[in-house]
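The following blocks contain the structures, represented as structure tokens.
What follows is chain A paired twice: with chain B in the first complex and chain C in the second.
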Partner chain A sequence: MNRRALMLSAGALALSGRTAHAADDVVIGVVYPLTGNGAAVGLDAKAPYEVAADIINGTHAPIPMLMGAGGGLPKLGGAKIKLVFADSQGDPQKARAEAERLITQDKAVAIVGSYTSATGATISQVTERYEVPYLAADNSSPSLHTRGLKWFFRTSPHDEMFTQGMFEFFAGIGAKTGRRVQTVALFYEDSIFGTDSSNVQRKLAEAAGMKIVADIRYRAASPSLSTEAQKLKSANADVIMPSSYTSDAILILKAMAEIGYKPKAIMAQAAGFQESAFLQGAGALAEGAMSRSSFAGDAIKSRPAIVPVNALYKAHNNKDMNDNTSRQITAMLTMADAINRAGSAKPDAIRLALIATDVPGDQTIMPWKGIKFDATGQNTLGTPVMQQISGGVYKTIWPFELAVMEPGWNVGQ
Partner chain B sequence: MTAAHLLQVAAGGLLMGLVYALVAAGLSLIFGLMDVVNFAHGELMMLAMYAVFAIWAINGTDPLLLLPIVAVLLFGIGIAIYHGLIARALSVQFNRGMVQIFVTFGLAIFIRGACQFVWGGDFKSITGHWLAGRTIELGGVFLPLPQMAASAICLAAFAGLLAIGRTEFGRALEATREDRDAVALIGIDRNRIFALGWGLGAGAVGVAGVMLAGFYYVGPNVGASFAVIAYVTVALGGFGSMLGALVAGILIGEVEAFTAAFWEPSLKQVGVFAVYLAVLMLRPRGLFGRL
Partner chain C sequence: MANAIVKRRRQELVVGGVVLAGLALLPVPIKDVYTQNLIIITVLFAGLAQAWNILGGYCGQISLGHALYFGIGSYVSTLLYLKLGIPPTLGLFAAGIVAGAAALLIGWPCFRLSGHYYAIATVVVGEIGYLLFLNWDFVGGATGVFIPFKGESWAELQFKTAKLPYHFVVLAFAAATWLAAFWLEGSRWGFAWRAVKDDVVAARSLGVNIFASKMAAAALSGGFTGMGGALYAQYVGYIDPDSVLAGHFSILIALPAVLGGVGTLWGPLIGAAVLIPASELSRSYLGGSGRGVDLMLYGGLIVLVALARPQGLVSLFNWRRKSDVPAA
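Right after this comes the complex of A and B.
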């Protein structure tokens, strides 16, 4: 809404006066790192929530998705969603204090957040104590939903589901082309992200009967990765599986090219490999690299809502939706839908409605099978997609029914 | 492990080590001259990389052609930093050591923030220049041309720095290093020598930055990881010694490469610091330190 429209509507509101029966706003707390190290991601996260609130509250052409009709929450007399943002600074203790403040002072009936899993862990402890639902939009650590919390819900897939998807893709493409993955090389940074990711990959590779020919744990943000590239070259695995952030992702591709090594296939645990900065930095070297994703912006045939939602988002933030922002919009719409079905802004009614959530995938902008929470609060239908960089953009290649192109598959050739 | 593999690891270590050496040379020069640790050294390198990127992005000028321009630019920035900040920090009477630390530390954060503001936090790459992506193979050992060129230029820069040491100015530099108060009596302008020292130090790291930009990513934090190595290189080689910086840079490049190859890649800095501690125990002034 531009400033003039805002003033006009404010004027109209003043003229009409508030009707006696206007439903109260439903306050939802949104916790992100708005300053500090994670600020880039946190500030990017503000726009999707505002867009989601516009979709829920505003008047617009109906969007073919959950809560896409606009005009507020129908079962609450057209009540509007009101977002209150809080800054965690990426610090778990600040996140805890902010969550508490949102519940006690701003009277938030639910909280959504929060990018890093470490802050998600402390926020969900607070919501458990105050008996308010917490919906994790983008925290991906597998440990979060296994803590026996009653008020924790997560729409996003977690890292184990992502890795599971990679191995399902390997099996699928192997059966399709007859060229199966027999060896993998793990390449991961020495952090909790890299280590956790590689642990799952190791387990699943062994279960699938693949041989791990290199297991390289490297120092994050080193000036040089040339020896690491040399190790990958000697191992020459069918698939290299990196878990790296952006600068290392660029560096290892450059280092491999410098010693004349072109890997047969790269399957990345997103992170650095799913960023526009990586595409720019690695340039042509990134061509053909694959990565998991929870969003498929090109799946517009099976998910018709992507086009109008992306247009709204772009008008707001001058960017296309990505892996993170799409999950954030989806979380807010899921929460609004639950509050609407609950017909009440009482946290325990919202919790019961969340438990009963059963949204088919085509009612979302995500390539998921749908949204349905198990007893731990984890969405079991949040299936990831695999994408491949082709012509400098990510294209969905798996699940095959959502694919927009045939995967480039050099394994076994 | 074949011979070619060993040579490849050694070559990788050497090529990177020469870049480390030149980055450290500028730091060592300034430290040796006036006992000031430049915490913004990595950021000066980053600034040179962005300068190359910015000019290249406008008109596609090859980084190699930009070498003299950016070196002179950094030389000027070095002199400006001396006159604008360091000379003033040296003139304080109270707690001078702390002021010197904070002035360059603050400068580092300022440069990083300014670059992030101007160019954003994203990583950039310079592609499609003469040497980009070209590699020669010698008996199974791959030698990437951008890094070969960087090494050659680094060696040439070292030759230049050592040659300067033999000139009148070099002797004045040496005299100022040894007794900064006495030189005033024989008509050497201490301020001018210090300023030129800063210019040379910044110019040297600028040359390293230009060559690095040909095969590395450019981003606001790129200086930080090189700076840590540079501090160790200076201490290992001996404060103020150019030859020490060269030898220590190569040594660190090789130790890093071989630790990663034969031990754990995640422990390669442990290898570097183990050598550093061993040298400090046996020879606390560094390999070539005279003091």
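Right after this comes the complex of A and C.
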């Protein structure tokens, strides 16, 4: 290509760029750890947001859900959503600086993020000060929504709701089979995730009249968990409740198998237990283990949008949607819907529209009852599901109306 | 000779004043909050690196556990503020005192070790501190501590979106550490510490109290680092063990001084002025791609400086080296 042709095509590009943007783009900032600790999850989060933006902006066959028609934001003259990604490196200070940059330089009208609780804490503080909505897609620490923030919203259930779901499941299966959970063993890593999770489990187990026969806190990413496995064996609880990341999850299953201990039931606080690396690494040892999830990829009857959205996602990332990525897509669609209903890209109008959000569950890809924020900004209808590994994949077993198989329940036998 | 030293010190003080005035005036042309934030973090790290330099540079005791003092400082001022309502402007000094005391407490057993053994001990002590805070519920444990915004206040160092107040606060902090280092260079203490750094046996034979010198350097260094931690906590509004006590933070504190020039007055500031913007800008404008290009650039820069200028970046401005270095 000679210089003239190059200049002509560059000019044409510039022109087409201008005419394509009849309505101004609506900029949404997306903050994740793209490098450093947590980068694996953060990098995985790029694809779901891009897919969500494609669903909102692109032209495709209508998908039976919120913002599933495509073609931009109708009430803003077909304006497109434009995503700007920023890297927090999982560091609260950097997350804060990035959120500030997105708001002041990129003119983001809303921020979505951010996986880790620590970065969620500082981003939501920046958005509060700049009066821009922050929508937490996947931060699940209960400490986040109890700080009296006006601009904080969270579509995802938090850990208390997840744990509440576990105990509702225990009650439900106990009533159904007559074999009730009497004793539980808590097993959790020592960072914010495990600590928060075990605190709620302890509280709810006591409230349900269950006896905690083991309460084991371990150092995250331990080289060996054989002492802990021995303790779990001697306690022999009805249900072991682990809050662990991937490598620890594999390690504890192997350590229990080595000493010949087969637990009656395992109910995991997702995390490591939901990772595909865990399913591969633990193999047959994981069979029968249960975990909470906020996503039920098999609930395609009651959530018809799952199939087309997953097809789009798979085309983009060559993976199926999981617990995290489905929540991220849902958060972006919720935000786009609010901006559309607001009919404006002004942050205060978006905030009011978010407050007024009332989306029924079947308009999403989530097994939730729906999306509706309370005064603290928490979605109160984000009810979790329980899943069990059967044949190497997770299958939904609770709520019973969404279940695709009968739970394998060995407690009391 | 004595006159030359006095003259040179006077010159440095003038240069210090000019640099301070220049930094203080930066927000006049720079209105963008992101850049202002970058300057604040850079100046804060310049102060922290200077604090590290007092012990690691002048006294030659390489500490890789300064995150502990930083973390202690940030927790002391934050907890005093949240639990007892003591404003961080006062808590800042409490943070310095407690962190300095911690440095003494740790120095007591650790200064019996020398060289690499001391450096390793500081790593271990830092890690112990991290684990203690991680498992200590009273200080928020792994959940960390969130500092709510209660409205604009100078006493509480809380500002809604304004960056200017923090600009001056961290500048005052960095200037204080610089002045401390400047004073040291010309004082009896400073000479004693540098003697300890160069040759312990020779220093002792000249009547220098080795242990007391190391302890004093540690207390001053730890105290300033703690004050920096208190400012960080109030600026960011959230602290948890991972962000203020983790081991990599100790490296981040030492790195600007090492890169800029260990045991020099200007090394920490020059190092911070190169390192922090390099890391922040590359993350902000390249990090979004998620390919780690920013970290490669950052790492490459450090390697480049270490290879080309092992004495530190400060040696690029070698106006004083000619008179300092005796003919070999």
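Heads up, the rule we're going with is that the second predicted complex is superposed on the first by the 392 of 413 C-alpha atoms of A that agree within 3 Å, B and C clash if a C-alpha of one lies under 4 Å from a C-alpha of the other, contacts with A are read in each partner's own complex, and residues count from 1 in each chain.
Going forward, a contact is a pair of C-beta atoms (placed from the backbone, for glycine too) under 8 Å apart; a residue touches a chain by one contact, two chains touch by 3 or more.
Just so we're clear, the structure is a prediction, and the values are computed from it rather than from any experiment.
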{"item": "Overlay on chain A: chain C relative to chain B, clash or fit", "value": "fit"}
{"item": "A:105 touches, of chain B and chain C: first, second, both or neither?", "value": "second"}
{"item": "Touching partner for A:148 - first (chain B), second (chain C), both, neither", "value": "second"}
{"item": "Partner chain(s) touched by A:195 [first = chain B, second = chain C, both, neither]", "value": "second"}
{"item": "Partner chain in contact with A:208 - chain B first, chain C second, else both or neither", "value": "neither"}
{"item": "Chain B versus chain C as contact partner of A:277, first or second or both or neither", "value": "first"}
{"item": "From chain A, separation angle of chain B and chain C (C-alpha centres, steps of 10 degrees)", "value": "60"}
{"item": "Contacts of A:404 with chain B and chain C, given as first, second, both or neither", "value": "neither"}
{"item": "Chain B versus chain C as contact partner of A:41, first or second or both or neither", "value": "neither"}
{"item": "Partner chain in contact with A:69 - chain B first, chain C second, else both or neither", "value": "neither"}
{"item": "Smallest separation of CA atoms, chain C relative to chain B, angstrom", "value": "10"}
{"item": "Doubly contacted chain A residues - partners chain C and chain B", "value": "190, 217"}
{"item": "Complex contacts: residues of chain C adjacent to chain A", "value": "32-34, 37-38, 41, 134-135, 141-144, 146, 148-149, 160-161, 232, 236-240, 242-243, 280, 283-284, 287-290, 292, 294-295"}
{"item": "Residues of chain A defined as touching chain B within the complex", "value": "40, 190, 216-219, 221-224, 226-228, 230-231, 234, 246-247, 250-251, 254, 257-260, 276-278, 280-284"}
{"item": "Chain C-facing residues of chain A, complex", "value": "34-35, 39, 42-43, 46, 84-87, 89, 91-94, 96-98, 100-101, 104-105, 117-118, 121-122, 125, 128-130, 141, 143, 147-148, 190-192, 194-196, 217"}
{"item": "Sites on chain B touched by chain A in the complex", "value": "5, 8-9, 12-13, 15-16, 20, 121-125, 127, 133, 135, 137, 142, 144, 147, 215-217, 219, 221-222, 224-226, 229, 253, 256-258, 260-261, 264-269"}
